[in-house]
């Protein structure tokens, strides 16, 4: 997962891009980058690390220019290493930089094609570099000295035909403006807004609405699936639908875990969706055990707090902050002659004993992925004296890998893969395990915007909406992620 | 405020000290340091920054030795700068390092005395350096080639006679062991615990019990006011009361804001105390307006969550996470030709509009200090469409500076100083302002341990329990803090 | 001035490139970079600083691959800043990286042309980026999936037609090999050599032969003016003359100052040339004043030592190391409230008084550029008690700017520009000033290789051999260099 | 070997100390430190690295105060590691910082004594820390609130009685002034000078006169053996002889290799001494082989240039710079799967072939220590085509370790230890080996100041003038230096 932002402003946009990336930092803490355009020159700074560490005063001073784009990166398979920080850049045609959130599922074929047609060298394993080169190639084909909106849209139509997967992108064309687009299913989120200034209207495109809010932009709307926006340097905004059969099928996992609760995505308040998740979960609990003996509901901070509160409220039992999160986690050192000591979950999450001792506790989390952490928390609850430990997941069982840009483990590492709920319960050591039902999860989000007919739910049901995800592809993903687990170097981007 | 830890173990203690400092990081994020003792040599690493940044593998490798101490520093007036990272060290007698949490109120006199008696140079404004030298001087006076417990206790008795204020300390004597002590009023917290290993018993002394818990130590008890512990290298533990009229009067502000909720301090669960604060606050609200029109209770994260939940529960209204905290705050850059733009509170705390729009909202915070942040939050609530904005503080009005080690602004910067509740309400722009009553706050904490007859409440009532705090002293503090205030950071969250 | 190197080896070439750059460091201390090719991937590291600071173990580990190129940069007008470290890279076609030593005199026109023909964006003021894009464009035009030697030579022929100036370059084509070429006048130096290993023959191309020597390569020969070498990954070497009227007219200033004395350039030993400069200079001295009263010859270290020795020998007077060079020069700090203190020349060069006191001293330097340093040294000699201070320059008066890659000040900053020798003597404060005559300088170098019919002497006589250097161009250069001059560093010593 | 400096000025001395350390950098490139005194506060910055790297603007801003001291460190046995950068500091009495050049030979005894008498903990293996504590202890014994010159001299008399070895030191007493002293034999050099300003006279004490010269100080004289200077903050200078039988016996190796040629040491011009070394060496060559067949004399740069010129002049043969020194040496990387490749001498020193080919070459070096480098250079000369390779050393055979502060290998690593000249010649592979005779070396230096009756020559004749150097001590030194060769960590200084 990553966060992206693009701004066409009326004065230097460096500080705005910086602040916007700060608001999107939860989408990726691995690397950050900004590229701006000043006249016919592009300025950039990107590196591994948090936004606050990557950009120093000397960088900001160099990042002049009234339009630009930014990126925060989540470490995914094959994407780590300092040289893979985005935005990426090609100098032909025009000079184009691009920041990408998502994942392409036909990278290999496209990468070969693009070399044979245009001799374009792809230097990394990053699908973002491929996407940039496809777009650059399609734009170059029209060979205009000055690209017009129609040229860009023509290129974009070709891009959608060539690539598959989930992608939300912002690109910057040196000297001209910012391009933003979203895949034909709208899997990854993208919104835009505007702000009036004395010098005219400024536009911002971003992964989440919260970046708009905090910087004083008014949300205009989501970028539509398949739609392409082109905002010229002078502030003229063009937009066109560039996909053949666009259909809004956004990733439901954003609502479960990834997005900030104060964001509105495709018309749905994430906070509200999570409250509704809690309601539905409570109802399932009551259906399963109308006369349950739960004494207290304790959320696993931070993302399950909203759902947890609602569960407690519906059940009519106490809601308590019984687990304290430590936000200052240290490194794990390996000293000579000592065994590696795994940092215990407890350093991150410590139980307040008196909320556990002698009680029947319902722990609520947003989802269960590998199951290892939740197993440790359940044990911690028992050690703290809990009588019974129940566990509720606001999302259904995660059984399949994600291929559209969320860095989930491969299937075999998912605790729910190939296991029944009872088997999972046993594996994690809970006395009772309640999963949200998928229809309930869908309703929780869908209620916010009835125009969404379908969500991208593949991690729960294995249905990949792009229709082209083969066993072979999943296998190669599995290998990459496993290789990556051992050593996370990858190759370098040239610029 | 600072965090301290000392360990006498059976093998290298560097990793334990590191992990313990990580658990105490909420008590100070400004600087960190560790000193260990290996044979007759002392090893150290200290610098400005978070624990995770100050210690690298190469430092840890050097920090050999079976006993040592550590410190995390909160930036207080006159205490910043890399040269002031603790522990401090003097080489005479024996080589002694010390880490200190608190503040002495007669530093100036003691500092001059110590120079005249022993020609000891104090190079900083730090009272910690003074305290170390007083202890060193008193120990030196006995001129023993090998100090025994009784020598240390004799020195300690002299220390308590010479210095005034609040102090909890750990010291390390090269070649011998770890000393821990607490001022005669027990203003600052200090606990100790033990852990059995195959090689024998290991001891840890720390500011908060949570450090013991997480590292697998069992809490033995709080160090008593005036008590001195001396744990020899071989694990022999000595203890003695070294003050003349010790009396437990711990700082109540630890329970309001500073301590982690999962800590037990002087027998009181901080979490429980905060829940009780919420109960009492709710009762006051109901007393003041039995037919209030509050629609929703919204906590200001993170420290007021427990109290806020209890308020909501007692009032029988909804409790909602309506403010989203951004944990990734960036720098403030000043660009050439631009005015300094103050980071808005909103970058740190963004409202979820639908929890505010059209509602009568009760915001709950742990306390109100300068009032500037709370004023901005109230305005933010109004901008988000709140009908009425009420504000409740789980602590009474903060009217006086703290002189025992909490870095509060001087009196004139406190919004409540010299103002009535009504005037404060107007200043911060609330529609209704409810402060906890001091007796209720005291009861909230005192209920946890009825042996505490009195708390250190000076920030609320101006009564300084050491009885020696003059106007002149407060004035000098004011000056120091104002000099410092130019670059000050305001209140920092413990979590 | 810069140093370049390219290697096609039989195993990883990173360490060889590193060592070679170390041997070429005297040609540029401002920035350094290496790019290697491993399979179809390019790896790079470049940054501001000395070779020993730019490359760390973690970088070297990443720089895998059996062929690659490297660059050290001298700071020239408009070339500083980390973003301008070479090699530069374009991904289309094939992925090409290039390292360049020299300067193009028709950058502006070519840069516009290349955009209009191929929409290639040039993001910097660097002529190196332009040269790379011209080459890339010409190679792309042939649209071969796999470029053959003939394709590269065809592209090179077009390059020589389009660009003017002095340039020696190495380029790397991802997956294929290394290309090396020199401008049609051979202004900038370039040699190549080979080394036999068990796996086969390895080739190195470098700015100076000393890099070959030290790494165990045998010098094959200089790359001819206009010639292009293409060394394939498998070690096959192709070469072809690609210029229409190539003629060897190398820069004579390399022999005066820039090159290492142990290099052989275009068949001339730099050391020998400098000895001959000394002989000719001595003869002129004897012609001017057959009964001179010189007591001692003192060189200004390090570059004038060879010439100085020869002068002393011919004159039959003592030669003494009377000036001691400090190789550890510190920064210049500006303290608040203090005026900037210029580092005195004396910190770099201190006189041994007893070699000056009461004597008639002849100082020998390789050349006089701005005249400010030499004025200070003459004053220093007087302060040290010299009776008379004579000054001899092994090169003629430097009167014109260099446009082929040596970073000299613009004309108005040259002490000799528009001044007679007598006026210069007065300006620098010498009692006698002797300049080498240009024909003598030419003979000093030309004697080493009688096939060189002409040298590039423009800094002495204003004759620019490419025939296209206009007043307008010189003016723009002047402006660029003056902008830069604010923070400029003056002449840097190669050793 | 190390360099030290102390200044008592009329305004901030930070920049002067910085510049002075830059002038003394040749005496130590391993670490650097400055301590200044401003009112009753001491400011310091010290770290591993060159002066230009250790001090940044932010450090200089902190280093306020009108007096202070500085140090540059040469890595010696047991002295490396960042924590051993000098000056060292103790806070009792007064606050004293000290910078030391030399080595004590009775560290172990003194260290134990000082603990037993005063419980002073010595945390490192550094004799400098011991020396500081002895001085501090002796000064403390007099227990004066304000130390007068006489108190300091009394302390100094005691210091000279307790410690043995070679030492030149500057110390700073917080609030009072700078103390400088030299051991009773004057083994290590120390000079002082003064400078008049509008505010009064400023004093500087330094290891070498060149630091005085360049900063505009006039050399007053050398500090006498056993003498102590005390310069008060107000500029009053006191001096007294504090040793019982002082006698000037300076280290002759300073004249051979260590000192800068432009320094005057104990009245002797180092440059002149080296010229005389050359004369005497030439005479020996002529005595040994009156009809020698030497074609050319080639110095091994940089330190043997003066002697080499004189040799050539006396022999009447050519003198040529036939070896080119590369001043930019890179790191040695160890790549995975590769053997460590030793950097060849050739990367540092490359022969100009035509000065060697077919000639009988006399190489001149200042001295021969391990013999390994000189063996490689001789081989290099042969590879470059030399007919015969003769080798002359301006110093006699180095056969014994140095115990007074020069970091020489232990005896077994010295090529001359236990070997005849003929055996050494064979070992290094020369065709003829000429060593300076010790009496000639002594005359070369002694001629400059006939008041020096004796030099410290122990590395040549094994006579240790302090009369207390036992086999056991040499053995322990041997062990330390060998241990150190493997791993150079050492222990840490506490401040």
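By written order: A, B, C and D. Residues from 1 in each chain.
FYI, a contact is a pair of C-beta atoms (placed from the backbone, for glycine too) under 8 Å apart; a residue touches a chain by one contact, two chains touch by 3 or more.
Quantities reported herein were computed from a predicted structural model and do not represent experimental measurements.
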| item | value |
| --- | --- |
| Mutual neighbours - chains that touch chain A and chain C alike | none |
| Graph separation of chain B and chain C (steps between touching chains) | 2 |
| Chain separated most widely from chain B, comparing mean CA positions | C |
| Classification of the chain A:chain B interface as same or different, half of numbers criterion | same |
| Geometric centre distance via CA averages, chain B-chain A, whole Å | 37 |
| Chain centre separation (chain A, chain D; CA means) in Å | 61 |
| Inter-centroid spacing, chain D versus chain B (mean Cα positions, whole Å) | 50 |
| In chain C, residues with contacts to at least two other chains | none |
| Chains that touch, pairwise | A-B, A-C, B-D, C-D |
| Sites on chain D touched by chain C in the complex | 12, 14-15, 18-19, 21-23, 25-26, 29, 50-52, 55, 57, 60-61, 210, 213-214, 260-262, 269, 271-272, 305-306, 309, 313, 318-321, 324-331, 333-336, 338, 341, 344, 346-347, 350-352, 354-355 |
| Interfacial residue positions of chain B with respect to chain D in the complex | 40-44, 62, 83, 89-95, 97, 116, 118-124, 133, 140, 143, 145, 174 |
